[in-house]
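The next part holds the structures, each set out as structure tokens.
Same chain, two partners: chain A is paired with chain B first, then with chain C.
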Partner chain A sequence: MNPPAGVDIIDANDFKVWKLGLAGAPATLYEGEKFQLEFNFGPNYPLESPQVLFVGDNVPIHPHIYSNGHICLDVLYNHWSPVQTVASICLSLQSMLSSCTSKERPPDNATYVKTARSNPKHTAWAFHDDTV
Partner chain B sequence: MNNNSTARKQDQDQEEPLYDPRGLQYVEPSQTSLQCSVCCEYFTEPVSAPCGHTFCLGCITQALEVSPGCPLCRTKINPNALYDVIALSRICDELMVYCPHKSLGCDHVCQRVQIGQHLKDDCIYIGTLCRVEECRKKLLKKDLSEHMESCPYKRVDCLMCNTKVQKSQLQEHHKTCPAESVTCPHCETTRTRLRHMEHIQECPKQIVPCTLSEFGCPWTGPRFDLTATHIPQCPYEAIRGFLEQNKQRVESLEQENKHLRTIFHDLRPQVQLLRDQIGSLSESIQLMTGPGSFGDSMHGFVDTNQYQYHSQQGAPSRAHGAILGYDSNGAENELHGLERSGSGLGTVGDTHELLISENERIRSEIETLTAGLASLELKQNMAIMTESMRMQEEVQSLRAVCHGLRMQMHYLLLERQNPHGPSPPTGGGGGGGVSNSGNNGPGIKTHGPGTSSGGRPLSTSGPPRPRFSDGLGRQDTKL
Partner chain C sequence: MSSGSLSDDDFAGSSDFDEEYDSDDGSDMEYEQAGDVGFSDMITEKQRKKAYEVDFSVMPLADILSAQSSASNHVAGILGVTLDQAATLLRAFKWNKERLVERYMDNPQEILDQAGVVLEEDVSPVVKRPKGFVCMICFDDSSSGPALALRCHHVFCQPCYEHYLTQKIVEEGESRKILCPESGCNVVVNEQTIKKAVPQAVLDKYRKLQDRAYVADLDILRWCPAPNCENAIECRLPYSSFTSIVPTVMCSCGYKFCFGCGLGDHQPAPCGLVKMWQKKCADDSETANWISAHTKECGKCQSTIEKNGGCNHMTCRKCKYEFCWVCMGPWSEHGTSWYNCNRFEESSSTDARDQQAKSRASLERYLHYYNRFANHEHSAKLDRDLYTKTEKKMEEMQRTSDLSWIEVQFLKKAVDVLTSCRMTLRWTYAFAFYLAKNNITELFEDNQRDLEVAVEALSELLEKPIEREKIAELRQQVLDKTVYVGSRREVVLEDTAKGLAEGRWEFFTEFAKV
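Our next item is the complex of A and B:
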């Protein structure tokens, strides 16, 4: 895989867990920031989506990203399609970050982080806000 | 997603000669327009959905099981509505691929559609097994012919005897091959091993012992010397008949001994069993008889039984009282005696039966005796009681007689002190009464006239008379 611009592979030695680096795109609120993404591939990938979340010290501050790294993005859950790839997910995330207008946590961050399971796929996501 | 393909390739290496079409390495890997967007590989059996999107048949079938929409545009797809894209299929089949065994050294490149044929017929880097049943070594096809030359399990002809021998054992075979030529170590003539086996039985130069060496002849020498010179002068030869007879006897005795030993071994547990039973029988008898004189008398009684039993068995006067259990060693000896008597006694089982019935008889006899003794005791008690009653009564009557005599004496004394009383008629009457008793009567009668006592107690002496005679009358009826 040739990683798209702003994405570099940190660790992709097996087909179970990948770690990627994601750089904030120029001319956005996240310019110059570096984030880490973790992909967990289940046995049914690509028929089923991988588990994707931000890890490490720097979790982007974004209305759709919780402080525990969980990402509210429909293609990762019920809008997954087997044609999605790691590259296409990275692109979706970059566009999500780029279109952000104010760096803030989701309004329910505190309660969600307290109650959420570690696997974001176990959360019942409600994708009300498609604009951001 | 090239990672996908490498993972699948690893699987495929293990299941030869099949191959995974999706694990193939293409000469030109990146014509994305010919690749399925689910598996990111060149299409395998491409099919199109009504929405116009194309996937591998396998990919879209699996994807529809998870979610019913087109993976690209999410239009609902009926699996029956998928149709083959024949032209695309042909284009993909004509793509050039490397042989899956490229890593092992096969540099074959051909159209994808032909790779199966290559693997089946041409590829020499495919895994296979040695043809020899005992070997079945795993190796690459290219190494097979070389291995077959040197396979240790391969069979080769023995050039001398024309039998097939495993290559690894040929060296060993030559040591025993019947066609190998062998030189006799005694006479140094040469022949095949097969013939040598016969020859060695009669080689004239072989050193052999005397035919009677088993009886002690120390002679050894070449075979031709044995018959020619030794046998005519062998000292053992003279008594050969005796020696052989003796040998036969020893052998038959040995055999008999062995036979007897097995019988002995068979009998041993039975004897043990019987011994135990006798032990328990002895105990129960001891309990029944108990200690004391009664037991002793029973002992004597049983002895006679014992004697009878022995004479039946033809082994008299052994172990008196053994069955009663007063001497358990005796019982054991008894048993050994029976055992030793062997065939004459019949089987041990019979003996056992006999012992049990004997015991049963003794028990019943003891019971009868106990009952008899009890009734005897009762009778004796009765007799003693009757006797003592009689004695008591006799004592009583004697006491009455004594009393009567005393009274008479008293009367006589009174009469002597008072001679003028009118007592004589009364005294005579009294004397007559006394004479009736038969014992003291005459003595008193003679005294009566001679010694007259006072008549004063006449009134008192009157009453004793009827009482006295009354007592005598009672005594008569009692006796």
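Our next item is the complex of A and C:
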């Protein structure tokens, strides 16, 4: 399958780790920005969700994205379904960025980043905001 | 501190303690002093439930299974759904039959959607692959081969279904609500489909998880925490009552534990108090307390300084501030008196010292209770060793005297009583730590002391070497003391339980229920 608009493959030669580029959609707060995503596929993929985080120097400033690259998005954790694909995750992320109305970090960013494990799947996420 | 009277002096004064329980009159009087009823009433009291006991029943695994199926049967009959669907609906309502039926009558479709149930005749989940089929998980597009679909008609190939369900059941331990693999589909995978899709071992695990979820979902049930025990305990007391009741239950496997928090028996202390006490013992707050009790801070840079000798003229190593250790004031005002301080009464220095005295007193108080708490815990461990020693003793007694096996059982009984008394005593210290100082607390401490003195006397008796000619006498003494210790324990538990129910105890701090 071809990558969706705004997504380009940086490195997908390894079956376990993929690096993708994500461009901020036009006419949104992130227009013109470039981000990097890292996908880590476990042995149980696609039954288990991959580990997805933003990497590189530019982590989008968004109320659901922590400065260490962790993403608070339900489909990546307990609402994962094996039918999801890399393309569908990228689309979810694009739409999450596009619907953002103010560029800010999550309110608990400082404490979370200090205490979080490197794998975001070890965090017990609470999904309380469906609007962004 | 009146509780400080529980020192070695009391144990040394065993002579007046002997008077207390050796003569019958003495022990009778004891009951009356403790605010209890007379001896004749004590016998009728035995039949009745004691104030510190709660009603409960033991539920073996088979009962848990039959309770689930009878609830499903009942609901299936009322709502006209299959057993499988009834169970799924009940699970969504945490097995609250009344609420489910009521809500279902109001709006059946909403409830069905919420619970992920599709009402349709039970059809086999095994389907033929439709034309142009591509499994959306593995992208297999061969037209033949087994495939499965729920009532939502999302078809996936059988191997994917099996892997998906195995992942959910074995890896994630999910059993309450396993949804159709399709993204966003809210239909629950029914048991029939699981049976068709996964191997027996996974199905067994699924059923085990369901039983576990059943017990976890119902507030009136709790698993027995003893290893390899598969029983649950049913206790119908509301959770909110556990501030004033300590719900100790005993499983048929013999393990005694608290229904409120699942820890081992902690009578007479309520769950909230136990939790607070354990946190206090585990965290570093007492280390900080030790530091503040044994050190002083430099008046200028606040470095912590421990004085380990020398004169009162201190020079802070860090900021070179010179001050007097006694009054904490600057040294420049002192002149040449290195070993005494005549500026002791200055108000600035008194404040600093008061603060230190306070934290020192609070540390001493904590250590007083903690040492006794820990000591009984340790002694209880030693008692277990004592138990093996006791068994040897019993064999020896059977050999050396004409006593039969049944007659030497008093030693085992004595050790059992001793261990349970130590467990009770241990928690009385945590309890007493949080009690405010007043007359009622003093009464509690009197009861506590009586029990402790009796326990130590029995413990001492059990460790004595056995002499052939004195066996009958020893047996009598051990029996007497065992009965006495047991009754002292009852007095303590009865009194604290009643006090909790009446709200008689005054704690100097608030604690949550569980």
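Here is the rule we go by: the second predicted complex is superposed on the first by the 132 of 132 C-alpha atoms of A that agree within 3 Å, B and C clash if a C-alpha of one lies under 4 Å from a C-alpha of the other, contacts with A are read in each partner's own complex, and residues count from 1 in each chain.
Keep in mind that, in the parts below, a residue touches a chain if its C-beta (ideal position, glycine included) is under 8 Å from a C-beta of that chain, and two chains touch if they have at least 3 such contacts.
All figures in this text were calculated on a predicted structure; none of them were measured in a lab.
Participant: Determine, under the contact definition given at the top, whether A:Ser95 touches first (chain B), second (chain C), both, or neither.
Facilitator: neither
Participant: Taking the superposition as given, does A:Ala12 touch the first partner, chain B, the second, chain C, both, or neither?
Facilitator: After superposition on chain A, A:Ala12 lies in contact with chain B alone.
Participant: Examine A:Val86 and indicate which partner it touches, taking first as chain B and second as chain C; both and neither are also allowed.
Facilitator: first
Participant: For A:Ser118, decide between first (touching chain B), second (touching chain C), both and neither.
Facilitator: A:Ser118 sits against neither chain B nor chain C.
Participant: In the superposed arrangement, does A:Asn58 touch chain B (first), chain C (second), both or neither?
Facilitator: Touch partners of A:Asn58: none, neither chain B nor chain C.
Participant: Following superposition on chain A, which residues of chain A contact chain B and also contact chain C?
Facilitator: 44, 46-48, 81-83
Participant: Quick one: which bits of chain A touch chain C in the complex? Just the residue numbers, please.
Facilitator: Residues in contact with chain C: 44, 46-48, 75, 81-84, 88.
Participant: Name, in rising order, each residue of chain C that touches chain A in their complex.
Facilitator: 136-137, 160, 163-164, 167, 171, 179, 181-185
Participant: Can you tell me which positions in chain B touch chain A when the two form their complex?
Facilitator: Per the stated touch rule, the residues are 1-4, 7, 37-40, 59, 62-63, 65-67, 69, 71-72, 74.
Participant: Using the touch definition up top, name the residues of chain A that touch chain B in the complex.
Facilitator: Within the complex, chain A contacts chain B at residues 1, 12, 15, 44, 46-48, 80-83, 85-86.
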